[in-house]
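Consider the two complexes below, in which chain A is the common component and chain B and chain C are the respective partners.
Take a look at the complex of A and B:
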């Protein structure tokens, strides 16, 4: 039986990873709500965020905050490219759902290979945003990066909520989510809103990647696990609101890290995938409901 | 192909089910096999795998093409087939054929148990649930070392054969696989045009409509899922017996993605699509392999182009010519 300290420590670790899953989950739901498409290449944006930030930091020697902003913009641009060159042509041709899913998987493969060719296949990392740490409370260590993740996560969820509630563009996106045809009739440029959704979602993934990289590492292949876990988080939370996605992510992160304590690292994925199946079968609207559309 | 003739008593005649273009494609595939038999060498292995994936895709086509559902997790059943064959043959010294059939039965039972709750899901949820099924199976094959030997995998799996007669030569293996593929294809044709098969196609058109016509939608979906699982399991076993070695990677998630690719390249829901897709994609992989680092990039670009510009796959390209003729 693991000790109390171990349990709380894994709780802290799970919280950090879970917040990242939550950010990715929000990315999933932004695209899904605007277009009805699940972008299975979501994890790739997380990988790109870390890789771009590392490249800008080491190759051009820019300060951390500037690299973070630049890489977020670059990742958002990558999202826009994916939308314009792959999703939009299929969307216009009314491609079947599963063809689009397969296309996003192909995009993931494509981007991963381009990253290998241009940036290399070595895993890499960079120092935490604030030097020093971890913060010790008794026997429990809390890395400073966790506070950055917490802070940025809170700021971004707040900003997103404001964006969706207050701005014209955010409202237009929500209109697309409710009924695309009616939105188009009201003069909302639906295709352009899809571009916005992809940029937003990719940017979110990029920020998640930039934040998580100091606590572990980044390499071309980290996209798949992050994408899958982000999707599981989105399912748990339901595709409704940013807060639900974030809570779903934290829930998943904590359960995963407890699973590591109890069953060992190898069973991490088995536990989270089983959790996904349970949620899908018994709570198809997510644990928090709020999911109205039919697929 | 989309004849909604669920109520008609007799299926159409054999010849009229194929258009000439599809027959031509099948002929080309047969030529490719024959050419490989003459040419020999590494191509033999490529075509052997193409035949095996063809079996897999025929099953997948039942579930995806005719019934209009998605399963990204069929590799789980291939995994059961492959490991079933490996364990029964290597540990217990079973006959390969018996092991193949026994593993198919196991896979079928698993498909029944898993499919019953899972198939209630639709769209993305079904896709993700089945995808996670494949991932779980992959993780289990790695972690459950007592049974699966983990990353080590199983080596020394005997080739197919009956009694003391085994198929050792690479050429004869290809011939046997091609014959088995033909048998699976013939079976799939028979099932496709049975009352059951026509019911499936009605489901893909409209579930409500099919239900109104008296099709028991959940049961039909489940049976289609089991059929797909049986084909997948057979393909997994055939892989084990043909290559002689299996490891978790063989049946990993990339198998699901690859077979999906094959089905889409060949044409989802078409009769010959699975076979054409398997052969074309396998050969394509070898062609782009020459480009070294750009191999996967070329592969992904071709796949994307197919999905965007020929969403119904190669087998449906014949429709382009036909439309011209009629106009």
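Take a look at the complex of A and C:
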């Protein structure tokens, strides 16, 4: 039986990684709600965030804050390119959704290969944003980076909520999610909205990657596990609001972390996939959609 | 009014779903400020015609708007020019509030101060119930209120041509009459209207001209006063 300290420490660790899953989950939801597409290349944006930030930091010697901003812009631009060169041509040809979803998987593999060829296959990391630490509370250690993840996560969820609720473009994106034909009939350029959705979604993934890299590492292959966990978090949250995605991520992160303490690291994925199945079986619209009775 | 240069002129518009010819080459026009209705039995191709005009489906043929060839434009570009359609089934954003739906109607509005309020006030004058429901979720309103919102949202764009696909569908006769009467009043103010409607007597009372569509093509075009009875309509439907 794990001690109280171990439990609390794992809770802290789970919270950190869960927030990252949450940001990825929001990215999944933004694209899914605007288009019905599940973008399986979402995880690769997390990898690109860390890789770009590391490259800008080490090769060009720019400060962390500037590297983070530039990396986010670059990853958002990568998302736009994916939309323009892969999604949009298929969309215009009325390709079935499953074909577009498969194409996003191909994009993930393609980007991974490009990263190997250009940046190499070695894992890399960079220092936490705030030196020193971790913060010690008794026997519990809280890395300073967790506060950055918490703060940035909160700011981004707040900003996204405001964007979707209060801005003309945010409302237009929500309109596209609910009825694309009606949106177009009102003059909303649906295809352009999809570009915005990809930019937002990729940018979110990029920020997640930039934030998490100092606590572990980044490499060309980290996109897949982050993508899968972000996807599970999105399902738990129910592909709804930014808050739902974030809560789904935190829930998953904490459960995984506790599973490691209770059963060992090997059980982390078993527990999260079991959780996914339970949610799909009893809460097919996500935890925020409520328990679904049999019809 | 029919002698004026057309606001919209549709020439030989044809559409198909796969191998099924849903609309044979069809021509029609609406003059500025004219109220035109399209009548026809179920499956005649009325909705397909409207969807082809607004480019929701691909089509062959030509569409001129104010003399400009708009055939190659996308749906959202047509809206920018002033062609706004209230689609069958209303097409509301059900999870959004009445206010948000109306604001989206004015998506292409120039961002001058006070413009949004001016347009909202205009819609609330026509449909006061929308003002009472301003913060209510659109999907939670009654069918009649939802249709008022759909029409009100379209009016927020200040269209030059308002196209409506069966706005009275599923509504109580009193509510349907109320909504169609509002359309009549708007037409008297100069708004061009192209209406597809199953409730023929109501539509014929309001419109100046009627196209009768049957078996995916126009069977007749005539001034509404020439239709004296249901027998006349039936004759055209099945001729």
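The rule is short, and it goes like this: the second predicted complex is superposed on the first by the 289 of 295 C-alpha atoms of A that agree within 3 Å, B and C clash if a C-alpha of one lies under 4 Å from a C-alpha of the other, contacts with A are read in each partner's own complex, and residues count from 1 in each chain.
Note that in this section a contact is a pair of C-beta atoms (placed from the backbone, for glycine too) under 8 Å apart; a residue touches a chain by one contact, two chains touch by 3 or more.
Bear in mind the structure is a predicted one, so any value in this text is a computation, not a measurement.
> Considering only the touch criterion stated at the top, classify A:66 as touching first (chain B), second (chain C), both, or neither.
neither
> For A:154, is the partner it touches chain B (first), chain C (second), both, or none of the two (neither)?
neither
> Pick one for A:274: touches chain B only (first), chain C only (second), both, or neither.
After superposing on A, A:274 lies in contact with chain B but is clear of chain C.
> With both structures superposed, pick whichever of chain B and chain C touches the larger number of chain A residues.
B
> Touch check for A:137: first (chain B), second (chain C), both, or neither?
neither
> Can you list the chain A residues touching chain C in their complex?
Interface residues on the chain A side: 168, 171-172, 174-175, 178-179, 181-190.
> Can you tell me which positions in chain C touch chain A when the two form their complex?
Touching chain A: residues 54, 56, 74-76, 79-80, 84-85, 87, 91-96, 100, 103-105, 107-108, 153-154, 157 of chain C.
> Within the complex, which stretch of chain A touches chain B?
For chain A paired with chain B, touching residues are 32, 38, 86, 89-90, 93, 95-99, 101-103, 105-107, 109-110, 112-114, 116-117, 228, 231-232, 235, 266-267, 269-270, 273-274, 276-277, 280-281, 284, 294-295.
> Within the complex, which stretch of chain B touches chain A?
Answer in residue numbers: 64, 70, 72, 117-118, 120-125, 127-129, 132-133, 135-136, 139-140, 142-143, 257, 260-261, 264, 268, 293-294, 296-297, 299-301, 303-304, 307-308, 311.
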